[in-house]
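The same chain A turns up in both complexes below, where it pairs with chain B and then with chain C.
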Partner chain A sequence: MEQLVQTIALGLLVGGILALAASGLTLIFGVMDVVNVAHGALLILAAFLTWTVWREADLDPLLTVVLTTPVMFAVGGVLYFAALRRLRGTSPSMTVILTFAIAIVIEGVMGFVWGNTSHAVTPEYFTKSFRVGGLFFPKGQVFGALLAIAMLAILYVFLTRTWLGRAIRAASENPQAAQLTGINIAMVAGLAFAIGVATTGAGGSIISVLFTFAPGSHVQWISRLLGIIVLGGMGSLPGAVIGALLLGTAESLASVYISIRWATAVPFIVIFAVLLLRPQGIMGTRLREDVA
Partner chain B sequence: MSAAGSTTRRVDRRLARARGAVLVGAVVALLLLPVASDDLFYQNMAILTFLLAIMASSWNIISGYTGYVSLGQSAFLGIGAYTTALIALRFPDVTPFAFVPVAGLASAVIAAAVGVVLMRTRDHSFVILTIAFLFVTQIVVLNWPALTHGSSGVTLPLPRWDLDFQNWPFYYSLLILMLATIALSWWIRRTKFGMGLFAIRDDEDKAATVGINTSIYKVLSFVASAVFIGMAGGVFAYYLTFIEPRGMFDIVISVQVVLAVVLGGRGTLWGPVLGAFMIEPLFELTNTELPGGNWRLVLSGGLMAVVVLFLPRGIIPSLTSLGRARRERGKAALVGARLERPVRVRERARTPASSPDGRPILEVKGLRKSFGGLEAVAGASFAVPEGSICGLIGPNGSGKTTTFNLIGGTMSADAGEVLLDGRRIDRLRPWERAYLGLGRTFQITRLFRQMSVLENVVAPLRTFSWRQMTASAVGGTEARRADELLDFVGMRRFRDHPADELSFGQQKLVELAQILMLDPKVILLDEPAGGINPTLIEEIAEMIRELNSAGKTFLIVEHNLPMVLGLCDPLLVLARGACICTGTPREIQANPLVLDAYLGEDYAAEEEVETA
Partner chain C sequence: MLQTFFMRRKLLLVAGGLALAMLAAACGGGDEDAPSGGQGGTSGEPIRIGTSLPLTGDFSEPGKAAEQGYKVWEKLLNDGDGLLGRPVEIVVRDDASQQNLAVTDYTNLISQERVDLLLGTFSSLLNLPASAVAERNQMVYVCPACGAPEIFERGFEFYFFSQQATADNQGNLYAEYVTGLPDDERPKTAAYVTQDDPFTAPVIGGLQEKLEAAGIETVFSEIYPPDTRNFDTIANSIASRKPDLVAQGSIFEDGVGLVRSFIKAGFSPSSFFQTTAPSLGEQYAEGVGAENTEGVFFAISWDENLETPVNAEFVETHREMFGGDPAEDAADAFASAQVLQAAVEAVGDIEDQEALADYLHENEVETILGTLQWDEAGRPQSEFLLAQWQGDGFEIVRPEEIATSEEIVHPKPEWGR
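Up next is the complex of A and B:
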């Protein structure tokens, strides 16, 4: 029983961190109708940046968030204006192929810069844990989860309380109507993409402490993130949070009770099950598709 | 016109002959290459190029012809490789080449099973699932060591032929497989099957309503794009003599396949081959200059991004349209031309015309459909008498189009029944409804945009059979029938025009000819007069009358009241998702309920807005 509670608790902590990374992916999908396959690669890129800052400047990896978030925001803006913007209005398959290409380029570049070996960021609290009763909570995961929740809260406030945030949500719900009310859809899409990518900044900094990573691990991460947003309902922010908590817990349970090797299959099984049984996910609603 | 036509044809014939000569020359050169040169570097390059061309041509079937982008097709390379390798281990005395057909079979079976599941989704969901499929396969192979030897991989027997023959057996077997893949791809394009795939790519829902069994077509195209990849995987495994899960189920292989096809031209016959013959040598040559996997990643990803952004249609389609633009420069577009006077050949009656107040041929009982909290169709019930031209009117948002979608099967109802000729059809798929005699047009015309007018008209199918799929795409009798129908709607001159170059009104006429090809008993028209000029409206009304006198029953949604009142009898009035009254045009005009529905609802809506 204690093991079960422990497993679930760790799963929820990881889930909180996954939620942050997935929120960016689902935001981009919601506003732009683009599945950003490069999201995993950007996450790993942020993790490598964190690693370098931690190595060179000895800055705490979680504090690096203040650096990685704006940097990734800029990366997202550049990607949007240099590449994705040109594909507005074309078939979704082309945007998938494009972001896939971007992911592969980033993987190659990371291989050149940091080498194709496993990296990990190990601050001094890396091996320490809080103990509550019989349960232990690794400090890295607790700090990481708290930071992720804080970032999610900032994102939430931005989207609901500011004009720009409301413009983004309007564009996500009905681009044409939003345009008619004077919202510059191209700018809003670019902003949403940049913000979506910015979440990988904080996300990457956090996961650099909790997981080992290599340039090639982006594939595993994008699968995980896709699993989450598919489960939560593509385009839904609350859905991404719920999906992340569920998936984090499921992976944690699978690795303890089945085997750690099969745990990697969990996101895929989730993807298959959800897309076939409830394609709109948990929080997605099925609206009238225009078949007229 | 005819002189110009014959010059074009002469040019075409010359082009075809030149292409044939180039083709034969290329095949002969490829056959002789290993004999002429014993350089293993180039032999290896050719082998890898053939492999990529096989994969690209195969991928093109599902992703180019059918329009479903799969990023997991390279899974079949691994499946074929493992099938061959694992059987070869059991039978060390037999050459592994013997098991290559088994690899193809295994791929086909797995593709069929996976395809049934995957093909229920579209667009983004499909892409995500194909990625998931690739990785699930890899995880299973990694974690099932009893069968697959897991991460330690499988070593195949070394080739036993004389070293003088170098890699010839690999070379020639992959060359043959490549030619076979191209032949399959070529054959598919010429059949009803291929035409159905193009229709699905252009507009899947529409394809289903004109009798194309989209489920079977999609699964078959998935299988067709897996078989030769599997067989090539078998040969490739033997060539490598050692395979392991990470290399065989690598998503980067998918990148190169996609790159080759997009570069050469998606959906064309030769694009994928051209792309493969450009990409693979490039990679092999740069590999000697810039060794290491990272260069390969940056190059393939970077090239792909460049191609998607700056040459999204690929080389062959871009060249084709360039050539066409040059040939047609200075000619007036036919689109602006006046319509021909429709030829009034009497449509022969399938059933003798019966009186309009006959038995109901189409019945709707208690039909319901909600979108979220909105009940678009709320218990609609009505009957369309056989042989009538029945009008369905109602204010905007009253559920007319949704009702059409439910009758045609594009959407499935939450509750209620639809009967055609006394038979329940509400659980049937759209194409089954088409086979039973239901045809419909759409409010915004939905032709298959990348097909010609003639192809659009011959695309509908009146039954499903396996043999029919292998029939030639545009058969002689069908073409004649299509010409008749195009004459009937006055669009024969446009038969070889691409559908997306037509004006809206012209598209409506072609769409009408298209569904007449189904020879439907009941024809549903969604706003036939919407957005077209008054003369054409009169023409269309005339066509409807004529078809009706030949025994066709019509159900027409229309906002043009003069047309409806002059053409339709009886009229059905839909309001808030239910049929509120039925009667002759005169009765309807006098009915206070109808006025209330049109005006009252508007008032109510305005009040709601004000209070909100």
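Up next is the complex of A and C:
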């Protein structure tokens, strides 16, 4: 029983962090129909920025979010206006090619700046755990998950309670109608992209504490994140959270109760199963073109 | 008209993005310098030695290190008396870590470039198909990193692996050390966990076999997929069985990940062995925390402080040429070239490849890794070095005659104290 609780707890902690990482990706897809393959590379970029700040200024890596978030927001803005804006109105497959190219460029730049070796951010608590009875809760994961929840809450409040947030949602749900009410769709799309990229600031900071990372690590992250948002429903923020928690616990349970060998395969089996029953994902809405 | 204009702009944008991407990939590639032959006591046409290396792609890091090792050997020879009095020229092709390109490269080197001799590429994965090209053309093929046991099952006559032992024997000295401990210090139970990889899995498999034969009970044995990132649950499963000894077949990130997860789970085995990861020095110490490295065992083929012939010169020339300490992979490549050199010098001829192969099957060769010798299938017959983290770096602790430290830390200090 203790083993089961421990396994689920570890899965949920990782799931919470995956949720934050996937939130930006699903937001960008929801508003812009852009499949941002560069999202993993941006996460790793934020991890490297965290590493540098932690090294140079000795600032706690999880506190660096106050720096990495605005920096990544700016990176997102630049990427949008320099490249992605030109793809507005084209098919999502076109955006895959462009963002894939961006991912490779970012990887090359990171290799040039930080070298192609593995890096790690190791604050004093990185190998410490909270202990409750026989259970352990790694501090890095707990702090990371709390930070992720806080960031997700801010994002949720922004999207539902502010005019700008509502404009973003309006643009995502019905661009033509939104335009008719006076929303500048181009600006809103740019803003949504920049906000989506800004979430990688906190995501990257958390990841830098929990895992080692190298410029090439982004490939593993993007495949997992895409899996999460397909599972949760492309474009749905609550869907991304549910998808991430499901994936985190499925992986954790599989490695203990089935076999470690199956741990990375089981989440994808879950995804297949969900998509067979609900092709639009758990929280996704069925669009007219899906039915046709 | 306007629409076509915009369409073209979009196309240009995509093409531009791809071009940038390729540029980034190309920047990572090695440059093919002209050889520095012709100085020293050499004369005549250079002897041309062809190799294909993964200078880009997944194995680019070891691939580039191997290129450096070959280039250091080329320079040392050309500054000296050359090979059979002639300068040498290493012709390097990039196989982008792709099996089919490695095959194309070697075919091209043999049939178009008409190189005189061959040197192997990096990793068992690439050497497996590439060596078949050499074998078909009856050319000696010495490779620096190709120890997966199944490679030697093909009955090749011209194939030689120039490290100390095949993967399944990499843990031999560790097994010997552990089983030789006095009864009260000897581990009673062991856990084995390895990445699903053609190199690491046989290392751990071989170790498990030996420790089981010596009566150490196996309480956990699992293989995890290469893309495993989170080791908390694995660490928790192992910790619940409380093994005295843990052996992990790790590459790098997985090695760091498991140690971190063990510490978080509050578990610390009294003896701990990993493949590869701990040999990556500072990266490893940074990853697991410098205070957690003490006492970790690993097998290694080379160390810069080894007192083998030419090793000091190799290290110094490498620093001069590339401005840094050589990687183990560079040393392994250098040793491959030394093996080829020894055969050529002994036979006194580069035409008779069969004679070169026969020489290597029958004789020992001195390299910077130590003395190497091979069986009829090209399996090396020596032992890897056993290293252990002690203080700020690692020491060679076995075999005793070349050990850099007489002490062995046992039991491993508890993690997280």
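By definition in this document, the second predicted complex is superposed on the first by the 265 of 292 C-alpha atoms of A that agree within 3 Å, B and C clash if a C-alpha of one lies under 4 Å from a C-alpha of the other, contacts with A are read in each partner's own complex, and residues count from 1 in each chain.
Just so we're on the same page, a residue touches a chain if its C-beta (ideal position, glycine included) is under 8 Å from a C-beta of that chain, and two chains touch if they have at least 3 such contacts.
Note that the structure is predicted; figures quoted are calculated from it, not measured.
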Partner chain in contact with A:Val96 - chain B first, chain C second, else both or neither: first
Chain B versus chain C as contact partner of A:Leu226, first or second or both or neither: first
Contacts of A:Thr52 with chain B and chain C, given as first, second, both or neither: neither
First, second, both or neither for A:Thr122, with chain B first and chain C second: second
Which of chain B and chain C A:Met234 touches, first, second, both or neither: first
Partner chain in contact with A:Leu275 - chain B first, chain C second, else both or neither: first
Which of chain B and chain C A:Gln179 touches, first, second, both or neither: neither
Contacts of A:Val105 with chain B and chain C, given as first, second, both or neither: both
Contacts on chain A seen with chain B and repeated with chain C across the two complexes: 83, 86-87, 90, 94, 97-98, 100-102, 104-105, 107-109, 111-112, 116, 259, 261, 264-265
Residues on chain A engaged by chain C in the complex (per definition of touch): 3, 6-7, 10-11, 14, 83, 86-87, 90, 94, 97-98, 100-102, 104-105, 107-109, 111-112, 116-120, 122, 126-129, 131, 136, 138, 140-141, 211-212, 214, 217, 220, 251-252, 255-256, 259-261, 263-265
Of chain C, residues touching chain A in the complex: 9-10, 13-14, 17-18, 20-21, 23-25, 27-28, 60-61, 193, 196, 222-225, 227-230, 232-234, 236-237, 240, 252-253, 256-257, 260-261, 263-266, 280, 283, 286-287, 289, 292, 415-416
Residues of chain B touching chain A in the complex: 63, 67, 69, 71, 117, 120-121, 123-125, 127-129, 131-132, 135-136, 139-140, 142-143, 205, 251-252, 255, 258, 262, 292-302, 304-305, 308-309, 312, 371-372, 374, 376, 401-402, 405, 410-411, 442-444, 526
Chain B contact footprint on chain A (complex, rising order): 29, 35, 83, 86-87, 90, 92-94, 96-98, 100-109, 111-112, 116, 215, 219, 222-223, 226, 230, 234, 259, 261-262, 264-265, 267-269, 271-272, 275-276, 279, 285-288, 291-292
